[in-house]
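Following are the structures in question.
Consider the two complexes below, in which subunit A is the common component and subunit B and subunit C are the respective partners.
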Partner chain A sequence: MVFSNAEGSASRNFFLTSVLWMAIGMSFGLFAAVLMIFPDLVRNIPILEYFTFGRVRPVHTNLVLFGWLTGAYFGTVFYMVPRLAGTKLWSERLGNATVVLHNIMMTSFAAALLLGYNTGREYAEQPWVNKLLVAAVFIMVIINVLMTFACRTEKELYVSAWYFIGALLTAPVIYIVGNQFLLPWNPVSGVNDAVINWFYGHNILGYWFTPVGIGAIYYLLPKMVGAPIWSHRLSMIGFWVIFFVYGPTGAHHLVNGPVPYWLQTVAIAFSVCLIVPVWTVLTNFYGTLSGRWGAVKESVPLKFLVSAMVFYFITCFQGPMQSLRSVSAITHFTSWVVGHAHLALLGTFSFIMFASIYYALPRLVGRQIWSVRLQEWHFWLSLIGFAMFFVSLTVGGLVQGSHWLANQSGSFIGSVTGQLPYNIVRAMGGALILGAQVLFIYNIFKSVTAGKRFEVESDAVAAAQA
Partner chain B sequence: MGNKLERNALLLGVSAFLLLVFAIVITVAVPLMQDDLRVASAAAPRYDDPKVARGREIYIREGCFYCHTQQVRTVEHDAAFRAPAGEAEDGTPAGDRPTAPGDYAYDNPVLLGSERTGPDLKYVGHRLPSKDWHIAHLRDPRSTTPGSIMPSYNHLPYSDLDALAEYLLSLRDWSIPIKTLAVYPGPDILEATDDIIPEEYKDLENPFEVGDPQAVALAEKLIKEKACLTCHGQDMRGMDPSKGWATKPYPTDWYKASATHSEQFIYWIISEGTLTEAGTPSGMPSWRTLGLTDEERWALATYIKGLSQE
Partner chain C sequence: MGLYGAAALILAFIGLLGTLGLLPPRWKQGGMRWGKRLLAAGAALLVGGGFHVSSLGSVEETLGGAAWGRAAAQQTLGTIAVFGFFAAAAYVLGKRSGVLDMGERVKYRLLHNGDPVDATAWRTALPGEQRLALIPLVAMGVLALFFTAGVLIVLLRPTAIH
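So, the complex of A and B:
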């Protein structure tokens, strides 16, 4: 098979396929939310009756995490790394082969889960063969990125490059350790299995979704507001503290549970410390924006970035707080945690990727975004839908946790029936979010095929677009 | 140092990697070396029975663990999910505690779970010891538990449901021998007469008058809280093969029991539960060992006795 060697094609192809996985993944999410309101919806419908909540939910999480976000991250890395290095991507051919393998991998992911092949480990559900595909995709990306940096003309490595390199060299290690060392059998049983599972489940956020997202903001924000990053020193401190502090936090998913007390304490202590790197990063972004807030009004991508920063602030304040034993006692196991997870992965990192795609795609295909009006609709529907979604999960979670506290988990069914209004608002919010993404996908496919010519040199156009 | 790192991509990557190694050592390697995380407790369930092991595979395949936890935390919030207080064979106290690492020694994968959309299942075998109940519940969750949002598993073959139910029954504190939980009456409840009541229950006095509004209110609260009607029927008319309950003892029709049996008999059944024909515990648990006080059990007996006088 011959893959295209056109400049920018690998990045573009990752963006264009990842948004399709987003649409499919979010549809499964909405389906799962509707099943919580109408649990007998698929009952007695041949074949469809197998797609119960327990099978639909992992399809949703796997497709949006590995298909959409990870795909868009690869697109972002392939767009930004050559520009940070002052050269072309080392091999567009290898990049396009990675796109194809990534899509085969995601198809296999979805098929395995729908057919009931599940390892029983959250976020590590995939059968062994699919895990090998993940490793292969990462190795292909690492080779391409490191070779691009090896051929660079720009001597200084900008902070975004730090984050990308750090993420690419650590995330695969977390994946391998977290998936039982990528062995075809499972050497670790008992609670250590859960300890390893959550080492992976939390750190794949800390060493993959967080650093690439933050690295992308460090690239996009100065470009969009037309000013350098506020403090170079602060960006360095943020980088090293994130990579140091994030690692031991996994066991905060098992607080008050059957794991050693000391391990919980270590996880909680490091979780609380996470406030430090997050606030250095946000202070830096705030400083960069300061005096230039007017630009936000003009640019949808910048609106996405600023919202993402606000959500990042909230989620990273929530995180340390809900790791505390007393808070966890109430919020753990409730839909509060589901809201928290979406705040990070949808409200923060997906929003950053929307901005990244709006910024990079015109420069990759030489065409402007087809409709600014649809961009505005995309932003506002996403924001309102997400607000409904997040508030209903958070409040619903507190109601759930309080019911268990008041009854010491007796009369449990009351905590289920009491969730109905929150589940309804959650599904409505989810429908708005999905609707917004349909507009987004239509808009960018129109841009690629029918957008006006994009001039990189024209700052006025760039400012309006970016 | 900062300056060098700004120019050397590989050095930067390796430094980030070493920071991660620190995390792996303290939070993965050290727990792996800790003996007490691996040594099985007497309470740990085993999966020697192939049907139970098969049931566990189905539990994983259908993603049950996304909505059900299997861990009782060290906080009071989880008190109702503990195993009942009992005695191990050597007479040491067992049950009634949060779960510990040793309770999972044979679990691979371990199914601690992360969300409680449905109740914790670590000790569901104590709370709901009837296979018939579980199969009826899996087929149509809302028939046994009104308001449940669990999916129906009516599409699975009977052999799957059977294995799944066996697995759920195996989720118990294995240090508590089944037979010593209580002295059980046999399977034919409605046919039995007062002369099989054991000595210690024969001459007890009901502290309440039948129809006592205080007792009725207490009983109504308990019936809701303990979900009695999920087995005895929302109409309190009991279950039998025509309603999908295959094996004896059938959950008793309270109106019939009320008309034919003494307060002491009803109080005894509520206190000690019943056995199947095979001599294993049935769906009717011992509410005495599950923590209902004498007063609460008498209130329930009074309530049931009052049904025939309405």
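So, the complex of A and C:
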């Protein structure tokens, strides 16, 4: 059963398991936010010693990045690739084996971190054994996807196919190199290790999360508005620019730090250049939607995509700005950076995955979404909660940076206690977001078990496309 | 560098849209005629601006000095060389394999790939709905102003350094 060969089963199983990891991961995130308000909450409570901030926070990041977002990405890729290639997925059985291994991996991730195993490297906290599982999962997915394209009947590759193949070929390289070749010891240490860590930490965003997310938009938007993307050539230019420009940007996490000046400057220059691919995506998005904005009123997935584009623009407006030395001097190490990371991973890519699941799951299980009303609640609670979340983090971050600039030998603890109001709003926003996802998960599972039959409007399709 | 970069990107992006024939009908002809020149102007502004800023902003500030030469050459020329090499290689490979000549027709295939479109695809547009585009556009503008203002306030306010 778990290694089923049924068409679409691997994609469906990835979607259904990824949302569960999202719930768990976001719960840890909310708990971390609460700990920032009540830092002594778990003090001297024997069992809860496992849930200190230092353990809870990496559990949150690992579960949402690798469990939720990467799991949903695999589900999206397994759904869209066969349809882009004009053939079935090469092996649903291999896909389902990947689902099982992915879930074993995520369980191991959570256990290791809660037990205190932590390498101290951002997004790479896992012990090396768990990292081997990540590499294995990626290899399984790569084989499945490349073999599907090798057997394709659709000879020309649409832009989404380029993005998915590009992501699957580059992300593992970044993961392996950035995790010091998955060796049980670290050959490189000190500042040089920081450079390698951020080569990985930033480029996993640029070569995994960004291309699969953008590829998904280029697939979903035409399907939702019934019109092709505005310019395929422009989308391909955006693709090539992303893949060439993203690589050297990692060191912008180390600006004003003890790394070579030229390395920082290269990273800053390329970070500014990243504005170009963003503009290609946004131009294509608005060009495609032109004359079809009414559809947004009636479609929750489209609302999620439109919101994601706003957050994507803001992420890529902030990014080049905060890579500049003068701005980084204020924002580095503050809550601004936390807000920026969530703008990308939650506001942009998670919102895109919500749209992807709402689109794909009914087609996979043959049942409509159970409740449109719950969809609306999901969207509005997510949007309002996230707005509270990132605004409070951004303002709080600027206050922190301003305080540190003005009081360089003064009281650091003053800047910490001064964050309390922002941390409270952040936690409230996080609670709204988590609540919204609970509704989402309930709606999804009710759809799978009790949704009305999903009907393909083939006659309408034929008539309208004639 | 931010000013040079912003100006260069705006020029280059308009030039790109012009070359691809993607500007609104009123400017389409002009865009196709001037697009490549705008692209070149943007690139020149970026490179020239990089040299200028390198001379001002680097630790080694003496124009013409050996240290300035190292900073400017490494940071600017080196970046351009690596970037240009890979871009040229990708262009040559892409041209040879034919993928650069891929027309727009592939985007129409997506709508006929057997995956049914959403019901919203058949919705008839009602008058005035185009104005909904203003909501995300205004949101982007407001948020961009908000972030820029916040950063400028912190950067420019007088600070007391003990």
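What we mean here is this: the second predicted complex is superposed on the first by the 453 of 466 C-alpha atoms of A that agree within 3 Å, B and C clash if a C-alpha of one lies under 4 Å from a C-alpha of the other, contacts with A are read in each partner's own complex, and residues count from 1 in each chain.
Everything below uses one rule, namely that a residue touches a chain if its C-beta (ideal position, glycine included) is under 8 Å from a C-beta of that chain, and two chains touch if they have at least 3 such contacts.
If you're wondering where the values come from, they're calculated on a predicted model, not measured in any experiment.
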### Task
Identify the partner contact of A:G435: answer first if only subunit B is touched, second if only subunit C is, both if each is, neither if none is.
neither
### Query
Of the two partner chains, subunit B (first) and subunit C (second), which one does A:R83 touch, if any: first, second, both, or neither?
second
### Message
Quick one: is A:G54 in contact with subunit B, with subunit C, with both, or with neither? Answer first, second, both or neither.
### Response
first
### Partner chain in contact with A:I196 - subunit B first, subunit C second, else both or neither
first
### Task
Could you tell me if A:L398 is touching subunit B, subunit C, both of them or neither one (first, second, both, neither)?
second
### Query
Of the partners subunit B and subunit C, which touch A:E156 in the superposed model: first, second, both, neither?
both
### Task
Please work out whether A:P127 is in contact with subunit B alone, subunit C alone, both, or neither, and reply first, second, both or neither.
neither
### subunit B and subunit C contact sites that coincide on subunit A, given as residue numbers
156-157, 236, 240, 244, 248, 266, 330, 401, 405, 407-410
#### Entry: Partner subunit B, residues of subunit A touching it in the complex
35-37, 39-40, 42-44, 49-50, 52-55, 57-58, 116-122, 146, 149-150, 155-157, 161-162, 165-166, 168-170, 173-174, 177, 186, 188-197, 199, 203, 207, 236, 240, 243-244, 246-248, 250-251, 253-254, 256-260, 263, 266-267, 329-330, 332-335, 337-338, 400-401, 404-405, 407-413, 416-417, 419
### Task
Going by the contact rule at the top, pick out the subunit B residues touching subunit A in the complex.
2, 5-7, 9-10, 12-14, 16-17, 19-20, 22-24, 26-28, 31-32, 34, 37-38, 60-67, 69, 71, 73-81, 98-101, 103-120, 141-142, 145-155, 224-227
### Query
Of all residues in subunit A, which touch subunit C in the complex?
83-84, 86, 154, 156-159, 219, 222-234, 236-237, 240, 244-245, 248, 261-262, 265-266, 268-270, 272, 275-276, 279, 283, 286-287, 289-299, 301-302, 306-307, 309-310, 313-314, 317-318, 320-321, 324, 326-327, 330-331, 359, 363, 394-395, 398, 401-402, 405-410, 456-458, 460-461, 464-465
### Task
Under the touch definition given earlier, write down the residues of subunit C that touch subunit A in their complex.
1-2, 5, 9, 12-13, 16-17, 20, 22, 50, 58-59, 71, 74-75, 78-79, 83, 86-87, 90, 99, 102-126, 129-133, 136, 139-140, 143-144, 146-148, 150-151, 153-155, 157, 159-162
